[in-house]
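Should a chain be cited, it is by its letter among A, B and C, assigned in written order, with residues numbered from 1 in that chain.
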Amino acid sequence: MWAYILRRLAYNVPVYLSILLLVMLALRVRDPVFGRLPKNATTADIAQKRVELGIDRPFHQQFGSQLKQVATATFDEISWDYPGQTVGEVMSRCIGPSLSITLPSLVLTTLFSITVALISAWFRGRALDKGLVFVAVLGMSVSFLVYIIFGQYYGAYKLNEWLGYDVFAIYYNPEVSNAGWGEFFTSVWPRYYLLPVLISVVVAMGYDTRFYRAVMVEESARDYIVTATAKGASQSRIMFIHMLKNAMIPIITRVVITIPFLITGSFLLESYFGIPGMGNQLIVAVESGDFPIVQSFTAVFAAVYIASNLLTDVLYALVDPRVRLS
Amino acid sequence: MSTTTTQSSEAKTTTRELALSVQNLTTSFRSDRGLVTAVSNVSFDLFKGEALGLVGESGCGKSVTSKSLMRLLPEHVTRYGSDSKVMLGSDNVMKYSNREMRKIRGNRIAMIFQEPMTALNPVFTIGWQLDEALRHHTKLNRADRRKRVVELLDMVEIPNPDKRYGEYPHQLSGGMRQRVVIAMALACEPEILIADEPTTALDVTIQAQILRLMNDLRERTGTAILLITHDLGVVAQTCDRVVVMYAGQVVEQASVGDLFHNPSHPYTRALLQSIPRSGKKEKGKRLATIDGIVPSLLDMPKACRFAERCDCRQPQCDVEMPELVNFSGDRSVRCHFPVHK
Amino acid sequence: MTNSSSDSRALRKFLRHKPAVVASFIIAAYAVVAMLLLFTNMITMDDTLQRVGPETIPGFSSVQNPEKRLEDAEWLLDRIDTLAGREDPRAALDSFRDLGVRHVAEIPIEDLQQRVEEGWEIYDRLAEVEDLTAAVNGTLNSPDAPTGEVVLADLQQLELKLDELLAPMTAKEKSTRWFEMLFGTDRQGRSIFYRSVYSIRVAVLVGLITGLLSVTIGTIAGLLSGYFGGWVDNLITWLYSTFASIPNIVLLILLAFMFDGGHIDEPLNRWTGGLLKWLIGGRLDETLIPVYIAFTATFWIGPCRVIRGETLKIRELEYVQAATVMGFGRTRILLRHILPNVTYLMLINFSLLFIGAIKSEVILSFLGLGVKKGPSWGIMISQSKVEVINGFFWQIGTATVLMFFLVLAFNVLSDALQDVLDPKHV
C-alpha cells in the first residue's frame, strides 16, 4: 500500500507544479503595481515599488520562492495588503473563523442528509419519498445568495425584532475574535456563527440528500438484499446493517472529498456576515491583487485537495474488501 | 440429455405428508397501466421429502409464484387474490403478519436464487452471513454457532471450511458461492427449500454437482424441494413430480415418468418435442419449435391461453376457459381436449 | 435494431413523464423570450436603464404613500423645469423619455413654465410638513400642521398639475405603462419588470454558450483521453487534475479577473468581438466574453470526467473490440461506435451545466465581475440587499422567481433525461 501512496504522490507532483504555475501566471496578467501607486507616480516610483513587492525578480525565482514556502510549510512572505504581516499569520488568523462555519456545517449536513436519505429509501417510491425529493429539487433551484439574504433578514433582523433582543447578530463584531475558548463556545459561536451554519446546511442538504438517496436506492435493489429478506431479517436490519455498510463506501468518499473545502470557507457567507475567514480573505486578495496571499492560499488548498483525493482511495481500499490497491 | 429418469417410487405408495399446500394463488401487481395479474389460480401440493419441479418458459409466472409463497414481492404494489391460500401445516401463510413471516423465512421455508455471484453481501464474510441465519432463528451460543457453520460448509462440500469462514464472497467462484447459498438456506433445517433456477447461471459440470448435492441433502434431511426451472433436463434428473405452468396458470401436473412418457397437455407435448435430439435418425431434421409467442399480461385471452399456438385447437378453446381437472391419481391437466393414453 | 427505434422508445417514455413535458415547455418559453429579446426591440437595454417612476415602488400597487408621491412629483417638476430652461426647450422636452412611456405634453413653453411654478408652490407647502404619512393618518402632533384632508387635497392638486404637463396616454401606452409598473421599481426608479425580463437574455446566453462550449470541449477531451490512452490520456488527465484542484469559485474569479481588465481583455474582445459581431450583428454581447471563458474553463472538467469514464467502459465492450478486429480505423470507431453512446451523457451534462452557469453568474455579479452591460438576475439580487433591510422584496423576489422557474425546469428536465436515457439511473 505504501508503494501505491508514494507512486500517487509522485504522479501528482507535476500536477501541483502546474497549479502553482497557472495561478501565478494568471495573477501576473495584470500588473499589480498600478493599483498600489498614486496616479502621478514616476518611473522611479514604479521601479521601486516593483522591488518592494518582489516582482522585479525573474519569474522562476518568484516561482521557486513560492515553492520553497510550500515545501517547508512556512509562509513567510509579507502580505501586500497587510504590511508587516506574513501570509502565514494572515492564514492562521483566518482559518479559525472559516472552520467555525465549515466544520459544523459538514457534520450537520452529513448527519441530516443521511437521515433524510434513509427515510427516503425506506419509503422508496411512496408519497414521503417523492415529497422529499421534490422539496430537495425546489430547494436547489434557488440561488445561495437568496438564502443568505433572506436568512439574514428573517433569521437575524426580523427574529431579533420579534423577540425583542439580539439572538443572532446580523454582522460580525471584530472584537470577539479575541475571545477565549470557553466564551467562544458558549456565547460567540451561537451568536455569530450559528445562523450562517444553518443557512449553509439548508442549502447543502438538497444536493447531498439526493446523492445519498440515489446511493441507497441503488444498493437496496441488489440481490443480496433479497437473500437477506429470505433469511428472515427485519427491514431495519436490512437497511441499517446490510445496506448501509455497502452504501458507506460512496458516502465516505463523498465526505472525504469535501474535506479540502473546509479550509476554503464559504466566501459568500463570510462576506455577507462579515466573518473574517479564509474564503473572504482570498476573494479580497484576488480583487486587490495581493499575490502572496492568493498564491499561498491556493497552494495550501491544492495540496490538501490532492492529499484528500489520495486519502479517499486509501479509505476505499480499507472499507471495501473487494478493492485492492494496485 | 438422457431420457432415463430417477424415480423414488416408494414416495408414491404409502402415506405422504403435506409440507405445503398452495390453493388458488393469484398474484397481481399495481402498475401505471392498471392491475396486472401474473399468476392466476395456481394450486399444487408439495409433500415432505419430495422434489417438485415447477417448469415453464420465461415469463410464465413461476418466479412470481415462488416469491409469493414467501411474500418476497414488494408490499405496496402486490395484491393477492382474496381466496389465495398457502397452507404451511395448519396455518395460512398469506394471513401472516410481517413478524410471523420473518420467523418462518429461513427457518421453515428457505429460498435460493439464480445468481450466485450477487446473492451474497460483498462486505461481510461468509461466516458472518451464515452465522446471521443461525443467530436469527436459533438460540445457539457463539461457539456452537461457529461449529455449526463449519459443519454446514462441510456439508455442502466446500473444502477447508474453517478457513473459508473468514473469507469474502468475491474470493469464491460461482459454484462455491452457490454452495454457500445452499448452506445458508439449510442452516436452520427448513421443511421446504425453494430453489429458483439455482443452476441456470452455472456451467454444466458445476450444475451437475449442485443438483447432486441438493438431492443428497434432501435425502439426508427430508427437506421438500420446490425446484423452479425452465430446463427439462434438470427436471428429469432431480424431480419426483412436475407442475407445468403457462401464462400464469398451471396447465399440467404429473409424476416425472408420466410427464415425459405420456404428456397430456398440448403445450407439454410441444415442449418435449422441441428438445433437440442426437442420433442418426435425427440427422437433417429441423428443430421443432412452438409457433407464436406468449400472450401479454395486459392482454390475456379470456378462454384457453395456449389456444393461439396449439396445434389441436378447436372452436371451444376460444370460447371457454378450461378448468384444471384431476383425471387420475396425481395427474391433472387444464385442457378441453387432453391426450390420454 | 436500428438507432431510431430505441430513440423513439426513449422519446415516448420521456413524453409520458408529465413534469418533464411541462418543464420543456417552460424552457421553450424562456428560449422564445430570449430570442425576442436578442433579435427584436421588445425590451431594449435603454428600457432597463431609464427611470420609469419613483424609487422602490412595490409591484401590483397603485397606492403609494404620500412621501413617495411627493418625491416623484418633485423629480418630475425638477426635470421639466430644467429641460424647459435649455436652449431648445421643445427638443429637450421631446427627448424626455425618462418616465417610461409617458412624455411631455405639447403645450406652449410659457404655459408650461407657469404650471411648473404653480406646481412648485404646492410642493413647497407640502415640503414643510414634517411627516406626511402621519399627517394623512391624523397622528401628527404639530400645532400648525395642516389636517389630513388638506394634505391629500394638496397632493391631488399637485398631481393634477403634473398630469396637465404630461400628455395623455394612448391605450397602447396605458398597457405598456401597466407592464412597466407591474413589479415596481428599484432604488433608481427603473422598472423591475423590464430588468428582470431582460435578464433572461443574459441568462440564456450565458447558459447556452457556456453549456455548449463546456460540453463540447469536455466531450472531446474525454473521448480522446479515454479512447486513445497513452500520452494523450496522461496529458488530458494532468490538465484536468490541475483545474480540478483549484476550488471552483477561486478559479472562476481568477479567470474572470484575469480577462476582465488586464492585458488580454481588450485585444481579445476586439478580435472575437469583431468575429462575433460579424456573425450575429453584435447581439451576443462581447462584454460577456470574460464570463464565457471563465465558465468554460471551470466547467469543462465535469463532462470530461464523465465522458472519459464512460469511454473507458465502452472501449472494452465486445462490439468495439469486434470493430477493431474487423479493421475499422480508430477515428471511425470513435465516431460511429463510441460517440453515439455517450450522447445521452452530453445532454444530461448540458442541462446541469446550464443551471450551474446561471447560478454562478449570480455569484460573479455579486462580486462585480460578471455581467457589465445591463441587468442580470445576479446584479438584481446583489443590489437588493439594501432594499431588503427596509422590507422591500420586489427586486429580489422577481429576479429569484424568474430564475427559479428556469432552474427548476432544467432540474426536472435533467432528472427526466437521466431516467429515460441512463440505464443505471435510480
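The rule is simple: contacts are C-beta pairs under 8 Å (C-beta built on N, C-alpha and C of every residue); 3 or more make two chains touch, one makes a residue touch a chain.
All values derive from a computational prediction rather than experimental measurement.
The most distant chain from subunit C is B, comparing centres defined as mean Cα coordinates. Think of the whole protein's Cα atoms as having one middle point; the chain whose own Cα middle lies nearest to it is A. Look at where the CA atoms of subunit B average out and do the same for subunit C: the two points lie 63 Å apart. Computed centre separation for the pair subunit A/subunit B is 55 angstrom, with centres defined by C-alpha atoms. Look at where the CA atoms of subunit A average out and do the same for subunit C: the two points lie 28 Å apart.
Shared interface positions of subunit B, defined as residues touching 2 or more other chains, are absent. Partner subunit C is touched in their complex by these residues of subunit A: 12, 14-16, 18-19, 22-23, 26-27, 29-30, 137-138, 140-146, 149-150, 153, 157, 214, 217-218, 221, 260-261, 264, 267-268, 272, 279, 282-283, 286-287, 294, 298, 301-302, 305-306. Contact residues on subunit C toward subunit A in their complex (touch as defined above): 238, 241-242, 244-247, 249-250, 253-255, 257-258, 261-264, 359, 362-363, 366-367, 377-378, 381-382, 384-385, 388-389, 396, 400, 403-404, 407-408, 411-412, 415, 424, 426.
Within the complex formed with subunit B, the subunit A residues making contact are 125-126, 222-224, 226-234, 242, 245-246, 319-322.
Put simply, subunit B touches subunit A in their complex at residues 70, 72, 76, 102-107, 110-111, 113, 115, 118-124, 132-133, 136-137, 168, 170, 181, 184-185.
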